[in-house]
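Just below sit the structures, each encoded as structure tokens.
Across the two complexes that follow, chain A remains constant while its partner is chain B and subsequently chain C.
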Partner chain A sequence: MDLVNAALAVVKGLPLTLLLAVSALAIGAVGALPVSLGLQSRHIVVRLLCRLCVDLVRGIPIIVWLFVLKFGVVVGTFKLDALQSAIVGLGLVSIAYLAEIYRGGIQAVPRGQTEAAEALGLSSRTRLVHVVLPQAFTIVSPSIATYFVGLLKDTSIASTIVVAEMVFQAQSFARQNPTLAGLLPYVIAGGLYIVLSLPVAFASRRLDARLRRAVV
Partner chain B sequence: MQLLADWASYLPSMLDGLRISLVIAVISIVAGYALGILLAFGVSVRLAVVRWLCLAIVEIGRGAPALVILYLVYFGLPKVGITFDSFTAACIGLSWNAAAYSSEIIRAGVQSVPRGQLEAADALGLTRRWTLLRVVAPQGLRSAIPGLMGLAIQMFQGTSLAYGIAVPELMKQAYQLGSQNFQYLQVFVLAGLVYALVSVPATWITVFFEKRLGVHRA
Partner chain C sequence: MALIEGSALNAERVGIDLEHLSKRYGDTVVLDDVSLHVEPGTVTALIGPSGAGKSTFLRCINLLERPDSGVIRVDRHVIEPGKLVTSRDLAALRRSVGMVFQSFNLFPHLSVLENIVFPQRKVLGRSREEAQDRAHALLSRVGLADKANEHPGRCSGGQQQRIAIARALALEPSIMLFDEPTSALDPEVGLEVLAVMRELADEGMTMLVVTHEMNFARDVSDTLVVMADSHIIEQGDPRAIMSDPQVERTRRFLRAVLER
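And then the complex of A and B:
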């Protein structure tokens, strides 16, 4: 009975966990594109500036970003609430990590592809959008899936700024049940993260295999 | 100027926190990597019980968020009569995390040793143990070094999660300062800069090593 109650309590946080992970990934996937191009810019100032920003964002723990956003951002009467801070914070960190992944993917596209596109007289924009980026996406999609699994686990950090996701729910259940049952929610939450990451890992392998076939 | 003066007044307790963060990071990296080496070989041991146990330790350590593991050790285990103080709990939880991730990195490194090396060792009549110690391990660990350095930086940043179990590390110190003077933005930005001051140069060193080690592999 305790087991069922603990599981029900933890599952209550599942929608928020998924919301956090998916919205942060969406922010990251879009925002990382300009940053990854900036990381390879011909202009040294742009390149170094992007490099500095990416390294700085990645060099600061997620929990610090969440606290800065939740407690620090006050513009007049505007404040970010806990959920908004968590989404913005995780999104920001995702931008930095994914920009690095994108950069690797773009650089992994064979030079001959760009040269061939140039020889065909394609404009630099067409070269990027229709030749380089689609191939780069193929290369990075498994890495994005791996990143998403990590992101899913990092959403647990949002519990420290009182977002009622799975770990927060586990905590409050444990607080209400100081007996032996208090151990269960942590075990269940941990297990649930592992279970959640299985389909992503599976999809990533499928995607990898299919995209490889499509290219070769 | 006021900002810098404020920061200077925060710095002593921040650095106290940083010291604790670094101690936790070093303990969990040393203990975690040592355990990681054992696990890397443990998951391919012939004895099924050992193999499954190692696999379970690795998969739970990698699959569950570090924060959940910390909560499990600090808040969960006392329910079955096993109690640790917060510092020990942080070291145990993060070591587990480090062990799981490092074992995967080491295993990948070992597997990257070309088959020909094993065959050559065989041909020279080296024993299994000698092959492992003198042929596989040196080459495998060498290619695992950049990954392990990167993980070490992640572990340092991961010590910030010990905030959740009330270890007086950097993040906790920052929070306490903030709740005294309500200058949350200043305090947390300074904490972030202190973290960055350690991990950003460390990242650059890792990239440098990655390039140097890559030269010989090409």
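And then the complex of A and C:
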């Protein structure tokens, strides 16, 4: 009976866990592109500015970001609620980490590719969009998957600012059942994180294998 | 179909004029006041020891390397590297000049056909049908009609290099640059590539070829240029230079290559 109740409690948090992970990844995947280009800009000011932002965001623990966003952002009567703060915070952190991953991927595309594209007379935009980025994506897709699995677990930090995701639900169940049964929801939540990350790892291996077959 | 659209009769014959090109990386001088004229419709072979500046010299022509000083005249384009080069000038220059690399540099994420189609669409604004027709025609010309839907990675080195030649020709350049096109290939496979180049030369393409293939240099090229230590040390008729080099450095280099 305890087991069923604990499971029901944790599963209530599942939609928010998924929402947090997916929206943060979406923000990160899109936002990281301009930042990664900025990290490689010819203009030293742009480059340093992007470097500063990335290191700042990565250097501060996620939990601090969430508190700053939830309690520190007040513009007039506007405040971020808990869920918004968590999405923005995890999104920002994702931008910073993915920008670094993208940069590595772009730089790993062989020099000869850009040169051939240049010699063909392709514009710098076409070189980037049609030659460099597709190849960089192949290179970074396993790293993105690894990052996503980590992000999935980091969403649990949102419980500290009262976002009712899985760990938050586990905590409230434990509080109401201060016996050994209180451990159950945490074990179940742990199991769920593993189950959720399995398809990501699987999909990434499939995708990676397919892209590599196409390339090599 | 000929490799060059329209071929022999009405082909645009364009030469190259390079005047006083100099280039250094830090303290290393790569090119020291090098000048060269290439007559339209001729083949020039560029030989010499490695580190002589051959590749850099070649790459200056389409500005993959920016010389520190000098003047580049290609077709109607005049580029003075010391001055600002607009992206429009650059695009126009590169439209006239095709280039083939030692490492082929085909785009690995695109099919063979798409490697040839996509630049035509982006650079010349051709329709998909037109670009595909041209690509298929060029592929069969280099003997690879059946490879259109393959991925480049599944092709041998010699095939990849022939595809790279087709890709460059699809943009109808008036000049072709070859940077050691057979150096990454084993000798037998290199022959397929050399055969295509020979045909291209017969059709009157203006070609500048950095190479270690002495037979190609002797039999196909109209002019042989020997570079060493950032200079052109000798140039002229290939047979004359090979049988009777005037400069000691050339003699030493040729002996090393031919005795191999």
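Just so we're on the same page, the second predicted complex is superposed on the first by the 216 of 216 C-alpha atoms of A that agree within 3 Å, B and C clash if a C-alpha of one lies under 4 Å from a C-alpha of the other, contacts with A are read in each partner's own complex, and residues count from 1 in each chain.
Methods note: contacts are C-beta pairs under 8 Å (C-beta built on N, C-alpha and C of every residue); 3 or more make two chains touch, one makes a residue touch a chain.
Owing to the predicted nature of the structure, the values given are computational and were not obtained by experimental measurement.
Chemist: Please determine, from the superposition on chain A, whether chain B and chain C clash or fit.
Modeler: fit
Chemist: Give one of first, second, both or neither to describe whether A:186 is in contact with chain B, with chain C, with both, or with none.
Modeler: first
Chemist: Let me test your reading of the model: by the given contact rule, A:120 touches which partner, first (chain B), second (chain C), both or neither?
Modeler: A:120: touches chain C, not chain B.
Chemist: Please work out whether A:138 is in contact with chain B alone, chain C alone, both, or neither, and reply first, second, both or neither.
Modeler: In the superposition, A:138 touches chain C alone.
Chemist: For A:205, using the defined touch cut-off, is the partner it touches chain B, chain C, both, or neither? Pick first, second, both or neither.
Modeler: neither
Chemist: Once the structures are superposed on A, label A:60 by its partner contacts, choosing first (chain B), second (chain C), both or neither.
Modeler: In the superposed model, A:60 contacts chain B only, not chain C.
Chemist: According to the contact criterion defined above, which of chain B and chain C contacts more residues of chain A?
Modeler: B
Chemist: Going by the contact rule set out at the top, does A:112 touch chain B (first), chain C (second), both, or neither?
Modeler: second
Chemist: For the overlay built on chain A, what is the smallest gap between any CA atom of chain B and any CA atom of chain C, in Å?
Modeler: 21
Chemist: Based on the A-chain superposition described above, do chain B and chain C contact any of the same residues on chain A, and if so which?
Modeler: In chain A, no position sits in both the chain B and chain C interfaces.
Chemist: Tell me, which parts of chain A touch chain C in their complex?
Modeler: 110, 112-113, 115-124, 126, 130-131, 134-135, 138, 214-216
Chemist: For a test of understanding, state which residues of chain B touch chain A in their complex under the given definition.
Modeler: Contact set of chain B toward chain A: 59-60, 63-69, 71-72, 75-77, 79-80, 157-158, 160-161, 163-164, 171, 174-175, 178, 184-185, 188-189, 191-193, 195-196, 198-200, 203-204.
Chemist: Flag every residue of chain A that touches chain B in the complex, lowest number first.
Modeler: That would be residues 55-56, 58-61, 63-65, 67-68, 71-74, 153-154, 156-157, 159-160, 167, 170-171, 174, 178-183, 186-187, 189-191, 193-194, 197 of chain A.
Chemist: Using the touch definition up top, name the residues of chain C that touch chain A in the complex.
Modeler: For this pair, the touching residues of chain C are 62, 64, 87, 91, 94-95, 97-99, 101, 103, 105-109, 118-119, 122-123, 151, 153, 164, 167-168, 171.
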